[in-house]
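Going in written order, the chains are labelled A, B, C and D, and every chain counts its residues from 1.
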Amino acid sequence: MTDQTAAGLRIRDLRVVFDGFVAVDGVDLDVPRGDLRFLIGPNGAGKTTIVDAVTGLSKATGSVQFGEQELLGREVHRIARAGIGRTFQTATVFEELTVLQNLDIAAGAGRGFARLLRRRRGVPEAVERVLGTIHLADATDRLAGTLAHGQKQWLEIGMLLVQDARLLLLDEPVAGMSHEERDATGALLQEIADGDRTVVIVEHDMEFLRKFARTVTVLHQGRVLSEGSVAQVQADPKVQEVYLGTAADAAVVAEGVDGVDGAGVDGVKVEG
Amino acid sequence: MAVLTQLFTGISFGAVLLLVALGLVLTFGQMNVINMAHGELIMAGAYTVYMLQKVVTSAGASLLVALPVAFVVSGLLGLAMEMLLLRRLYHRPLDTLLVTWGLSLVLQQAARDLFGAPNKQTAAPEWLTGAVEVGALTLPASRLFILAVAVVAVGGLSVALTATSLGRRIRAVVQNRNLAATSGIPTARVDRTTFFIGSGLAGVAGVALTLLGAIGPSMGTSYIVDAFLVVVAGGVGRIQGAVVMAFVIGMLNALLEYQVGASVAKVLVFVAVVLFIQWRPQGLFTLRTRSLA
Amino acid sequence: MSRQSTRRTALTALAATVALTLAACGAKSGETSTATTAAATADTTGGTVKVGLLNSLSGTMAISEVTVRDSLLLAVEQINASGGVLGKKIEPVSEDGASDWPTFAEKAQKLISVDKVAATFGGWTSASRKQMLPVFEKNKALLFYPVQYEGLEASPYIFYTGATTNQQIIPALDYLKGEGKKTLFLVGSDYVFPRTANKEIRAYAEANGMTVVDEQYKPLGNTEFSAIVDKIKSSKPDAVFNTLNGDSNVAFWKQYKSVGLEAATTPVMSVSIAEEEAKAIGPQYLSGQLVAWNYYMTTDTPKNKEFVAAYKAKYGEDKPTSDPMEAAYVSVFLWKAMVEKAGSFDVEKVKAAADGITFDAPEGLVTVDGSNQHIAKTARIGKIGDDGTITEVWNSGKPIEPDPFLKTYDWAAGLS
Amino acid sequence: MSALDRLTRPGPLRAALGFGLGALVLLVVAPATLSQFRLDLLAKYLCFGIVAVGIGLAWGRGGMLTLGQGVYFGIGAYAMAMHLKLAQTPPGELPDFMQLYGEVTELPLWWQPFRQASVAVPATVLLPMLVAFVLGQAVFRRRIKGPYFAILSQALAAAMAILIVGQQGTTGGTNGLTDITSFFGYDLGDPVNRTTVYVVVAVCLLGCLAVARQLMQSRYGELLVAVRDAPERVRFLGYDPANVQTFAYTVAAGMAGLAGAMFVCAVQAINPASIDIVPSIAFVIGVAVGGRATLLGPALGAIGVAWLTTAASEALADRWTYIQGGLFILVVAFLPNGLASLPRVVGDAVRRRPAEVTS
């Protein structure tokens, strides 16, 4: 075990059970600090459930450590304050608040009570910086509900940035985006995962994965099936057999044919 | 023997609670409409008995005829509410509470204008005014009748929801409206049917209540809070939850009343239910999903 | 931004200044004058005189109070037909107390200060009376309260034309004692009248060799009586004393019969069931049971025949008359007599003229006792028949002098 | 942008204008033009307005539909009434109703602290806040919300009313505490003193509006809206939504308590009928009619509905319930943001744009 893994995300024997259904069945997972990890797998593989368990939404057994801290058993907002941020499959922003207000709230979890009760004057520096990064500098006073789909997803990522999350867990961040937006988002994520921030992405979009993933973990029926670089995983016969079913589909994934993205491989993407 | 009598009293309380709450399992539980006018739908059922007895003079026959007729009368009243007002409020459940509160005021006043402010008298058949003696136990016939009505209503509703295509449609719409719509289920019609049945059950409860209490404009108000507590504590939308909670609350209320009197018993029951909801915010039976929030 | 907040500060300051100025004025006059309240003056300048009718026309109490209002209107109509009061026609102003006690106070004040009524008639529950009492005392205006009540009160600005306890409850107890009833079960609605009445009943029972086996209350409007009837059945009292009110009564009777309790074995003495209520409950549940009042629709006086006929002619053949309705009807005539004796609508003069006023009422002769402003009434015990009518089985022979504080009863010494 | 537009748009200008106008009308115009009777009534309505400001915060901004504000209104009212009752009772004697019902021979322990004004007056606000804090922490931590919270709070209001009714000997039962004649030594029969009470009530209302405005405009206000719309998202940003909700709920309870205390001074009585489910819902109805999420809407709505109730029942003693019920139905169903949104809805209609609907 290197120093890097110790400081990153370290999951041991994670189990999540819903009413007798084992959604995650003893997963071990290490994501070194600064990595850009993709979690893939068919529906019901347990991808989102792992994210839920790490962020405290679902009850789980086992161990989840980030840095030196054990996360399991802590309340959701305490985990968030420990530097874990996440997004959801459907972009969840505060639609009746402006872009600025959304970011200001994300930036403010550490604020004291007295500061909360005062009015915001001007734009906090952290927010100012992120506004540029997520290309929303022109839209600070627009209601988040009126933003375009891709802009909302950027706003969510921006909220994670001002929140100063060390571990970012993103659930399908580019779903529904245009090609240009996907590339911009990918570049942004690579930029984010370039220091001491660790990024874990649940994604179906194979082209996006091929282009931007540094490492990939493949899940199947609540267990880790394969792990490694994109090339390693693609070459893994177990992945081809179980996850992709036929060799023809495997070829599609390997080549990332335009127009056939995650939805094509995975069918309906309803997990909620 | 005293214990058995107290248990039966508890069951009697429970049967009434179950009857008045059953319709809410559909309208509140399945459709998220907080119908504060549910009590007035009960009232409509009770007045149906009163009106029917002007035509069908035999007390027994009129009561039995009133059961289906009141189901239709209250159901139609509910249907009118749904079509005129509530359908535009499905995405605002809390607002249904306010609108139906206004409706309940209007319906009470309407009853006062139509039937007069004083309570109305209905005749109960002789076989329902006495008691059945089982050993030293005295079981009021009216209570047994209400228990039977409650059992039939619960059974009928369960069968309707699980074994008929209508029931499957109702559940499909509740679980995923959009998916149901895209699968070709006419959701608006299913909504109307659901509301019709839920309201109709209130009418049936109203018929049963004529055996126990007053038939008057404000008769519904005394049941509404209890009825909602049963549904909430039982787990919204769960018939078995409503059944269990109705009898648990009824039993608790009855046993406490023997000990500390009715007023304090009522307060303790309310507090107990509030604490129970603290313990199980989703109620006794829950449909667990992975959906957020 | 800063300009606006300056403006806001200025406005706040203005508001505060006005507030302080007014507060200061209040303080000054408050110290010097404690009795600046002007006595209410009725507006009698025109050809008419206004009176207020204050009854619940909506809410739970509408059941009972609407009939009282109807009865008051009948009295007003009859008086107007015979020339009015002091040559002036009565103009009734009806307000809705809405079964909400603060509303009674609000409407009472409105009748006094906006409509400038010469007197107000109405109220039913103790709570509504207690809310109105300070309003009438403060304004020195008159209220005529037409319902039997728990006693222990004698406001100088209220005339009580219903029975106080010694004209209804004590005669009822005397009757039960005379029938040889030794054990009593008390059941009542959870509010002031039943609780106070039951306290008096307990004291009476203790002094007269009777036992109270149990005392049970139900919140108003509650309709679940299984537990109580079960307790009655198992404790086997000689009689039940019933002070339930409103919807609960219907539920009580239906469930009383459903466990096999009968008038023959366990009679119930009720003090809040009159003809109207009996009609709503149904004679099949009430047949043979006892009630205590001062008046029944069947009370055999020539005046009553006229009253019942007039009421039915105005409101319908199927409409019964009852004790509170009669007491309300009488109260208007008593007021008329007082005003005519005083020769003035002035409240103090009317009060001064009140003592000894008599009226040949449907219930028989009634006399106003000026010392406590109650009226002497004949107590009557009635039995409910198979058809729902109430027939008298006993009466006190002569009007009973009102004694709201039960001063003439030794056993009641510790009560107030 | 026309001048009218600027004045009717939400913003500091409109708020300042509204506040100033309100102060002017309440403190100068109303006392100068209304009869004593109407001014007393207005004082009562303003008390409902104060409750409504709190509900606007908790429900309009925070999404917590509280159908049990009667509980807090009642605690404040009874605390104040108990003090005033004790203050006008001669030393060594029991308050009149305790003598009358004679169930106790000495003052119950829980009455004792209210003898001191220094305890009773702060208690009218702090006691409701304390109860709301405890309840809020319990309820919101268990993530009870929406209809569940509404029904639960309603049950509490019913329970409290039944409890008070049942303890006649120490609470006055259904009669409540009546015949309160003086307010800290000032005779409440004196019209000048009653006007003073009115002014105090009006100033309290303006004060509550100022507090509510500050909270709505602050970062906390933004956070509260965020919690209302997406509580889980807020949680994942590192906040505990339960605390955010509890704070607004507690403030609302404090306002309800203050209103209750003022109500006792204005009406000179309190009884369980004023704190039961029906008045609790009536508070909310006023808020909904006025416009739940706005600053002035709730207060104006509550005052307006109370006024309309009086006016309608005076004009049509029999049929006024139709007007009242009909108004609730029409406004809530067809104008979900209340009458406060009427100008915008009309404006939108004129511009042929569908009105924005939020719940």
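Details
Everything that follows uses one rule, which is that contacts are C-beta pairs under 8 Å (C-beta built on N, C-alpha and C of every residue); 3 or more make two chains touch, one makes a residue touch a chain.
Please read all numbers here as calculations on a predicted model, not as lab measurements.
Comparing per-chain C-alpha centres with the mean over every protein C-alpha atom, the closest match is chain D. Using CA-based centroids throughout, the chain positioned farthest away from chain C is A. Between the CA-based centres of chain A and chain C the separation comes to 72 Å, rounded to the whole angstrom.
Between chain A and chain D, the centres computed from C-alpha atoms are 45 Å apart.
Taking the mean of the C-alpha atoms as each chain's centre, chain B and chain D sit 32 Å apart. In this assembly, the C-alpha centroid of chain A lies 46 Å from the C-alpha centroid of chain B.
Residue positions 109, 261, 263, 266, 292 of chain B are each in touch with at least two other chains. Counting partner chains per residue, chain D shows two or more touched chains at residues 162, 165-166, 230, 232, 321. Counting partner chains per residue, chain A has residues 57, 88, 92 touching two or more of them. By the touch rule above, chain C contacts chain D in their complex via residues 1, 4-5, 7-8, 11-12, 14-16, 18-19, 22-23, 25-27, 29-30, 33-37, 57-58, 94-96, 98, 100-102, 105-106, 109-110, 113-114, 125-127, 130-131, 133-134, 138, 152, 190-192, 195-196, 199, 217, 219-220, 414-416. By the touch criterion stated above, chain B contacts chain D in their complex at residues 28, 32, 34, 85, 88-89, 91-95, 97-99, 101-106, 108-109, 113, 225, 228-229, 232, 261, 263-264, 266-267, 270-271, 273-274, 277-278, 281, 292-293.
Interface residues of chain C facing chain B in the complex, by the touch rule stated above, are 57-60, 62-64, 66-67, 190, 216-219, 221-224, 226-228, 230-231, 233-234, 247, 249-251, 254-255, 257-260, 276-277, 279-282, 284-285. Of all residues in chain D, only 12-13, 15-16, 19-20, 23-24, 26-28, 31, 35-37, 40-41, 44, 99-102, 162, 165-166, 168, 173-176, 178-179, 181, 185-187, 189-193, 195-196, 199-200, 202-203, 206, 210, 267-269, 271, 273-274, 278, 310, 313-314, 317-318, 320-321 touch chain C in the complex they form. Note for the complex: chain D touches chain A at residues 214-215, 217-220, 222-223, 225-226, 229-230, 232-241, 358.
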